[in-house]
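Here's the structure we're looking at; comments come further down.
Here the chain labels run A, B and C in written order, and each chain numbers its own residues starting at 1.
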C-alpha cells in the first residue's frame, strides 16, 4: 500500500541556537512533508534534541524561524505548539512520576477538555460525560500499545521499556498531526525495538501522523524513514532519502565511519 | 536633615544585624544547597546557651571576672553549636541527600521547631541578659556640621565592628585556608568536589559549624541589644527577605541586602508610617522581597536561575 | 480474607472511576459518616466537641485546601494563615454590614475574597518556586497580619481590635450549642471533601499533578502552567478562606488577627506533611494528629513524669510539643514522605492479604 506523502507541513529556516558561549545549532534549515517519517541522525552532541526543543517551544532560537502549515513563528510557545497539533516524547522520559499510567495518558487529553472547574467539582453532567468520552479514547491507545495490565500502576514502578510506551501513549493522546520522537528506542532490547517500530509505523499508517524521529540505530532509520536529516556539531551535513544519505561522503566521514 | 541621618544610621545598624543572620543562610546554601530555615532558631539557641553559661560559670567555678565568664561562655556556646551541627548532618541531612529543595526546606522547618523546644527546655524560657560589656551610652558626632550632633549608639558601633571582624575572618578563612578552599569547591560543584576526594559529609558538618558560630555572634549582639527571648527566633525570619534581595549565593549580597532592608524599614516606618497607622516594619522587608521576586528573582548579586530540560 | 475484591468487576467507566471502587471501602466510609452524624453525638460530651472535634473538623477543611496547593500542585505556601484571616474578616464584614445576610452566604463570600487574595499572592509562582515562593507567601502572611491589625475598617473600627459574632443560624436552625456547631462543621467538611475529591481525580487534578511532577513536560502536552497554578491557588484559598470563616464564627466566636498568625500557617503545613502530601485522606489524618497530640501530651507527660518523680510544668509540655513536632516532621520526611496516608494504604494492602503474611 503506497503511502501518499503530502506537502510541506513543518519548515525550519536558518535556526541558530546558543547557550552562553556554546553554539548548539548553526543555521539549520530543512522541511518535513505531511505523512512522512523524517529521521534526524547525527553523533552525540550534534544538536538533535535541541532542534526538537526549538520546534516544541522549549528553547527559543536566537535566529531563524519555524513555519507550521504556512504560519511562521520567530519563537514557539509550548502550549501554542501543542494546540496546533505537535506532540513529542522525551529522551529521558518526562513522565509524571506521581501518577498512574492511565492518569499520565489522560493528561495528554487535557487540552481537549472543555468543561470548567465548577462542573468538574460537582462531578455530574457534562463534565462527567466528557471525562468518560476521553477515557474511551485513552483506552484505545492503551489497547494499541498493549499496556492494559498496567493502567492503574504508578509509572515510577514500571520497567524502562514500558515507561517509554506510556510516554508515546501520552503524546498520542493529544491526537497530534506531527509527532516528535526523541530516541524512542534508546535502551531497548531487540524485541522491544521491534514493538516500538511497529507502533511508530502503525501510527503513521493508520492516522497519517507525520513523524519526526531522532534515532541512533541505523538499521531502524534506514528501514522505516522516508527522508533523513544528518546533523554534526550543530550543522546540517546531509539531507535526503536514506540511500542518498548512506552514500553521502560528509556523512560517512563524520558519522558512519569512512567507507572502504 | 540631622533627623534623617539619625534614622539612616539606626537603619544601618539594624540592617547589619539582619546581615549577620543572613550570612549564616548564605554559607549553608552555598556549600550544601540546603536552605536553612532553622537559622533563626540557631541564633536563639546559641544566644540562650551563651547567656545561661555566662550565668552558670561564675556559679560553678567561682570565676569572678565578667570578661572571663563571657569568654568561656562564648567558647562553650560555640562548641555546643558545633555539636548541634554534627547532629543535624548525621540525623537529618545525610538521609535527605538527594531530595528536592522543598523537602529539605520542610526538614529545616522541623529542625526549627525542634531547636526552639530543645533550647527552651535546656536553658529555660525567661528573658535573659547578655552583658558583654558594651557601653550603652550614646555618642554625638558631627556636631560641628549639625548643631547638637547626630545621636549614634555606641553599642551599635561596637556591634558593627564585631560584625566587620566576623566577615573579615570568614573571608580570610575561605580564601586562605585549605578547608576554606574545599568549602568553595563544594559550593561550586558537589560532584566534582567529591571526585577529587573532598569528603562531603565532613564539609557539611564544618559549614553548619561555621553557620552555627555565625549564629552565635549574631545572637550575642542581638541578645545584648534586645535581651535573649523567644521572639529572637521570629525576628530572624526577617532575614529571609535579605537573601532574596542580595542573592542566595552571595556573601556581599547578604551584607548589602541587610543594610538596604534595615534602612528601608526604618525610613518607611518613620516617613510613611504615620499615613497608614504605623507598623510597616511587619511587612516592609517581605513585600520588597516580593517585588524583587517578580522582576529579579536572583537578587542583586546572585546567579541567574536557569531551568534545564 | 474480608478485604478481597474478588468478583467485583467493573463493566463501565463510571463504575471504575468511583471514589471508592472497592465495595468494602464504600461500606466502611458510609458507616463512618453515619456514625459521625448520629453515633458520635450520642457518645461524647461538650468538652470533646469544643476542644477536639470542632477544631479537628475545621482544621481538616483548611488542611484540605493547603494540600491541594502544596500536595497536589507542588506549590509551597506559608501564607495559609493569612488566607484563613481574609476568609474570616471578609465573612465578618459581609455578615455584620449587610442586613439579613445568611450565614452560609457570608462564609462563601469569605472564601471568595480569600480566592482573590490567594490568586494575587500566587502570581509569583509563575516566576519562582521552592524557597522563593515560600518567601512570597510569607509576604502575604505578614501583610495580612498588619492589614487586619491596623486598618480599622476591616474590624468595623472596634477599639479593642477583636471582633465577635453571635446569633448564628442556618435556615432557621440555630448554631449555638457545641452539638449544633459540630454537625454544621461536619456537613461543610463532607460537602467540601466530595467536591475536592471530584476535582483532584478529574482533569484539573491531573493538570495540578502534572505541574507538580514536571512542569516543562506539562507545558509540552498542552497544559498552561499559569492556569494550573493560579487555579490551584484559587481553589485552595477558597477552601482555606471558608475554613477561616468557620474558625472565627463557629469555633472562636470572637477573635483577633493573632488567631491566624504565621504559626497557624506552619501548623497547616505540618498537618499536610504528616498526613500525606497529595492525599485527601491525608489531610484528615494530619489534622487529627496535630489536634490530638498536644492534648495527649498534656495528659501523658505529667503522668509519665509523676511515675519517675519528675515534675513536668505546663511550659515544659509546650516545649516538648515543639520538639516532638519538629522531630516528627523530620522523621516523616525521611522515612515516609507520603505521610500517614501512605502508612494507611500499606495497612490496607496488608489487610487484603490477611490472614496470609504475603
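Worth pointing out:
In this text, a contact is a pair of C-beta atoms (placed from the backbone, for glycine too) under 8 Å apart; a residue touches a chain by one contact, two chains touch by 3 or more.
Being a predicted model, the structure only gives us computed values, none of them experimental.
With centres computed from CA atoms alone, C is the chain lying nearest the middle of all the protein shown.
Relative to chain B, the most remote chain by averaged C-alpha coordinates is A. Centre to centre, using the average C-alpha position, chain B and chain C are separated by 33 Å.
Rounded to whole angstrom units, the spacing between the C-alpha centres of chain A and chain C is 41. Remark: chain A and chain B have CA centroids separated by 50 Å (rounded to whole angstrom). Counting partners per residue, chain C has 216 as the residues that reach two or more other chains. Residues of chain A in contact with at least two other chains: 58. Contacts with at least two other chains are made by residues 309 of chain B. Taken in their complex, chain B has these residues touching chain C: 35, 91-92, 95-96, 99-103, 105-107, 109-118, 120-121, 125, 234, 237, 240-241, 244, 248, 276-280, 282-283, 286-287, 289-290, 293-294, 297, 305, 307, 309.
Taken together, the chain C residues at the contact with chain B in this complex read 74, 76, 123-124, 127-128, 130-132, 134-136, 138-139, 142-143, 145-146, 149-152, 216, 262, 266, 269, 273, 315-316, 319-330, 333-334, 337. Those residues of chain A whose C-beta lies close enough to touch chain C in the complex are 56-58, 78-79, 81-83, 87-88, 90, 94-99, 103, 106-111, 113, 115, 117, 120-123, 127-128, 131-132, 135-136, 170-171, 174. On the side of chain C, the complex with chain A involves touching residues 13-14, 17, 194-196, 198-199, 202-204, 206-207, 209-210, 212-214, 216-224, 231, 235, 278.
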